[in-house]
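Once you scroll down, you'll see the structures, which are given as structure tokens.
One chain, chain A, appears in both complexes that follow, with chain B as partner in the first and chain C in the second.
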Partner chain A sequence: MIANILDGLVFGLQLGLLATGLTLVYGLGGILNMAYGQIAVIAALVVAFSIEAGVPLLLAIVIGLLAGGLVGLILDQTILRPVYRLHEEPRVLLSLLLTLGLSFVIEGFLIWQFPLDALSIRIPGGTIDILGVPMRTGSLLASGITLVTFAALFLFFRYTSLGMAVRSVIENEEGARLVGVRPNQMLRLILFLSGVLAGLVAVTRSMVTPVDTHAGLSITVFALIVTVVGGLGSVAGAFLAGIILGIINVVAADFIGSYISLIMLLVAAALTILIRPAGLLGVPE
Partner chain B sequence: MSETSVSISTPAEDQPLSSLLIPIGIIGALLALVPLWLGGSRVMMGVSILGLAFACYVIAFNIIFGSTGQLFLCVGALAGIGGYGGAILADNFGLPMVVSIILATLMATAVGGLLSYVSVRRSLGVIFTGIVTLIFALSFETLLLGLGEWTGGDNGRLVATGRDTFLRDQIPPYYVMLFLVLLFLLIHGLLQRSYIGWAFKALRDNEVAAELTGIDVAKYRVYAALIGSAMLGLAGSVYVFTEGRMSPTTFGFGDVDVVVLVMLAFGSIGNVFGPIIGAVAFTIVDEILIEFGQLRTIAYGLLIMILFLRMREGITPLLNKVWQQIRAK
Partner chain C sequence: MLEVKNLSAGYSGNNVVHDASFNIEAGEVVMIIGSNGAGKTTLFKAVSGLLSASKGQVHFDGRDISQLPAEEVSRLGMSFVPAERHLFPRMTVRENLVLGAYPHRPDADTLASVLALFPRLEERLTQHAGTMSGGEQQMLAVGRALMSKPRLLVLDEPSTGLAPLLAQAAYEALRVLQQQGMTILVAEQQVPLAMSISDRGYVLENGLISLQGTTKELAANPGIRSAYLGVS
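Up next is the complex of A and B:
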């Protein structure tokens, strides 16, 4: 049981980070990015190819994260431009449809060109005992990186003026504009950050299990579920929901069967929408 | 407020019934000729029958989404309840085929109605309705994989019932599906002329105003979902009995819902004849693209993006304009 919970924590932390990238963009810009998983896959492939080309691991990872961020910036400058002209529901709807189309374009291209490539980072060292459970070094490192990232995000949003500016736009866009914050610039920043986070999840995930060309849709779906449960626009909610759902997922997979575990997550998301549409830590309207 | 106290007539009500029946007749006559051309090829007939099944799905989705703005991303799943439900009832429980089809259709209707009722009661809006129904669709796909005893899991299952009937011949199933398409078009057309269609239009144009004029918005949303889901269940069920086999991809989100979205955008949302034009046009384009493998996925994606960016009204208004110009001359 303890082993299950620890495995669930490892997975849950990644889910939380995954959802953070999606939820920030939604909370800030009313954009539901269905191509999010494909951005993670792009970043993973860039890291894999950089390593193949002889780039040192750490530098390869940095290149991959920047590539993810770059895709976010490209989105901002291209297909999201018509979306910015709309507001509220039509805006979310158009962003959803356009990025859904984009996800097909990216996935089709990647599977066409790189059908068998995958990113798998081997972390040396065997297992380390935590609470009497042997945990793989890769899982621990991945969780460590994720926790540090969450801490950095927390500090960024709480204590830097830039982070506070971003939060002000989420809280009240018009008010933020009045005090001199430019929502468009904040959105661009967050789209970049979202791409970097997608890349980071791909990298940490690849320390536990390979991330291949076909992983895009399932990454998006997981991110969407956690985002919905945690509350759209809430980083703390994404963190909490990620951990809860991660543990539910692993425990359910162990006791009932792996196909039920996905259904449990989906049911959790559906129930959240029905009972508390704002999510665990979202602010009810 | 009672329904009779609203006495505003719509343009559609004033038009003679022939303006609905003649186009349906022309579409029926044109599509009825297809087997003369493609009837010799089993593969091409299969593609055509699938195209008609999709036309049914798009008409149903058009009623649910186009008419009342409920983004049902579970078109494939509802059709799948009809398909898998019908096959399991007939093969595993030994019910007659017609009874199985009716029961499976009722199941799809009930599920679709429930999804709509819950969404409307919780006033979920377009996006959350989309997410809830997408979640339902993914759960359905996962269940199909998990319940391998009944569904055959990943590989799918065969349908024994109906094996020795005309439904498995090369050409007759085409006319069965065509009958469904024309029936659905007629139902949608008649609906639009009725009070219900008037209410649909009102709540699509301005929901608040519709509510203020006494239209029970919630009720009409659920009606639309019930009618559309019944169509989906029936079409999915009948299709499966003509095809003789099915797998999760027959009703998958990526395989059905995305295509239905493209077809509807192709043909124009909300318009009675948009779906059939979109379905036919897309089936042809798809057949051309089929040899390009992954490039087809890319083309799908580009098509979705272009359609929703540039041609949000679809090609039907464009064809209408051309038609009116021809008539003016």
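Up next is the complex of A and C:
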């Protein structure tokens, strides 16, 4: 059971980080980015090809994360342009449709060009015992990186003036504008950050299991489920929901079967909407 | 300081305010009075850039700001406190105030003077803005607007949602600001309150400015007395 919970924590931290990139963009700009998983895959492939080309691992990872961020910026400057002219529900729907279309295009292209490529970062060192459970060093390192990232995000949003400005737009966009915050600048920043986070998820995930060309859709679906449970626009909610769902996922897979685990997550998301529509830490309307 | 010329504004092509012209000089307190639905909020939203005007100009310190969005108008030194306040509910009072100074770092002296004006805020610095009472939220909205050291403070119905005593307290605070030399433009339907601090005023009726004058002249006008002051 302890082993299950630890495995769930490892997976849950990744789910949380995964959802963070999606939930921030939604909370800030009312944009549901269905191409999120494909951004992660692009970043993963960039890292894989950089390593193949002889670039040192750390530098390759940095290049991959920047590539993810760059895709976010490109979205901001291209297909999201018409979305920015709309507000409320039409805005969410148009962003969903356009990015969904884009996700098909990117995935089709990647599968056509790189059908067998995948990112798999092997962390040497076998296993380390945690509470008597042998954990793979790859899992531990991935979790460590994720925790550090969450801590950095927390400090950024809590204590920097830029981070507070981003939160102010999530809290009340008109209020933010009245104090001189430029919402479109904040959105651009967060789309970049979201791309970097997508890349980071791909990198940490690849320390546990290979991230291949087809992984995009499942990454987006997981991110969506965690976002719904955690509450739109809430980083703390994404963190909490990620951990809870990670543990549910692993426990369900172990006791019932891995075929049921995704269904369990969807059930958890559906129950959340029924009981607490705004999510664990979301703002009720 | 602020000169509004033939401004028309409204929603989805329907103008609510027509051809409004008014001005305010540095150090003055000017009121725009009118009943509910007269167009005061629309007018102020157009002036502050939350709404884009369909016609006319708004000159702030000689610069045409009628096409600028609210975030740029704010950076030029005009702070708008809307009737809805638009605070950041899940952020603390301190964070709301710090953001008021954005994009600059909050200035310690300005923060001290805001807290001196509203001692209640000092007691609640770590409390979330959304959990405060209406009166406290109004104080925070004004305090946040002051943090950027604006040259012009624009307030839309500061008495909205406040019990009479609290509304009076809000105007007491504005009077203190006036004595410190702040230039204030205020829209109000509780006309006696607005008159208590204003030098001059304009009357907005059905989207048109129908009358203007010093506070004394307006207070003596029989039409104003019966319509807004409850004197027949």
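Rule of thumb we're sticking to: the second predicted complex is superposed on the first by the 285 of 285 C-alpha atoms of A that agree within 3 Å, B and C clash if a C-alpha of one lies under 4 Å from a C-alpha of the other, contacts with A are read in each partner's own complex, and residues count from 1 in each chain.
Keep this in mind: a contact is a pair of C-beta atoms (placed from the backbone, for glycine too) under 8 Å apart; a residue touches a chain by one contact, two chains touch by 3 or more.
On a predicted model such as this, the values are computed, not experimentally measured, just so you know.
Look at A:57: by the touch rule set out above, it reaches neither chain B nor chain C. When the two structures are aligned on the shared chain, A:221 is found in touch with chain B, with no touch to chain C.
Applying the stated contact rule after C-alpha superposition, one finds that A:270 touches chain B and leaves chain C untouched. When the shared chain is aligned, chain B comes close enough to touch A:259, but chain C does not.
Once the two complexes are laid over each other on the shared chain, residue contacts for A:180 go to chain C alone; chain B is not touched.
More residues of chain A lie in contact with B than with the other chain of the pair chain B and chain C. Contacts of A:148 after superposition: neither chain B nor chain C is touched. In the superposition on chain A, contact is made by A:94 with chain B only, not with chain C.
Residue ranges on chain A touching chain B, taken from their complex, read 32, 79, 82, 89, 92-94, 96-98, 100-109, 111-112, 217, 221, 224-225, 228, 257, 259-260, 262-263, 266-267, 269-270, 273-274, 277. Of all the residues in chain A, the ones that touch chain C in their complex are 161, 164-165, 167-168, 171-172, 174-183, 283. Those residues of chain C whose C-beta lies close enough to touch chain A in the complex are 48-50, 69-72, 74-75, 79-80, 82, 84-91, 95, 98-103, 105, 144-145, 147-148. Touching chain A in their complex are the following residues of chain B: 71, 118, 122, 124-128, 130-132, 134-136, 138-139, 142-143, 145-146, 254, 258, 261, 293-305, 308-309.
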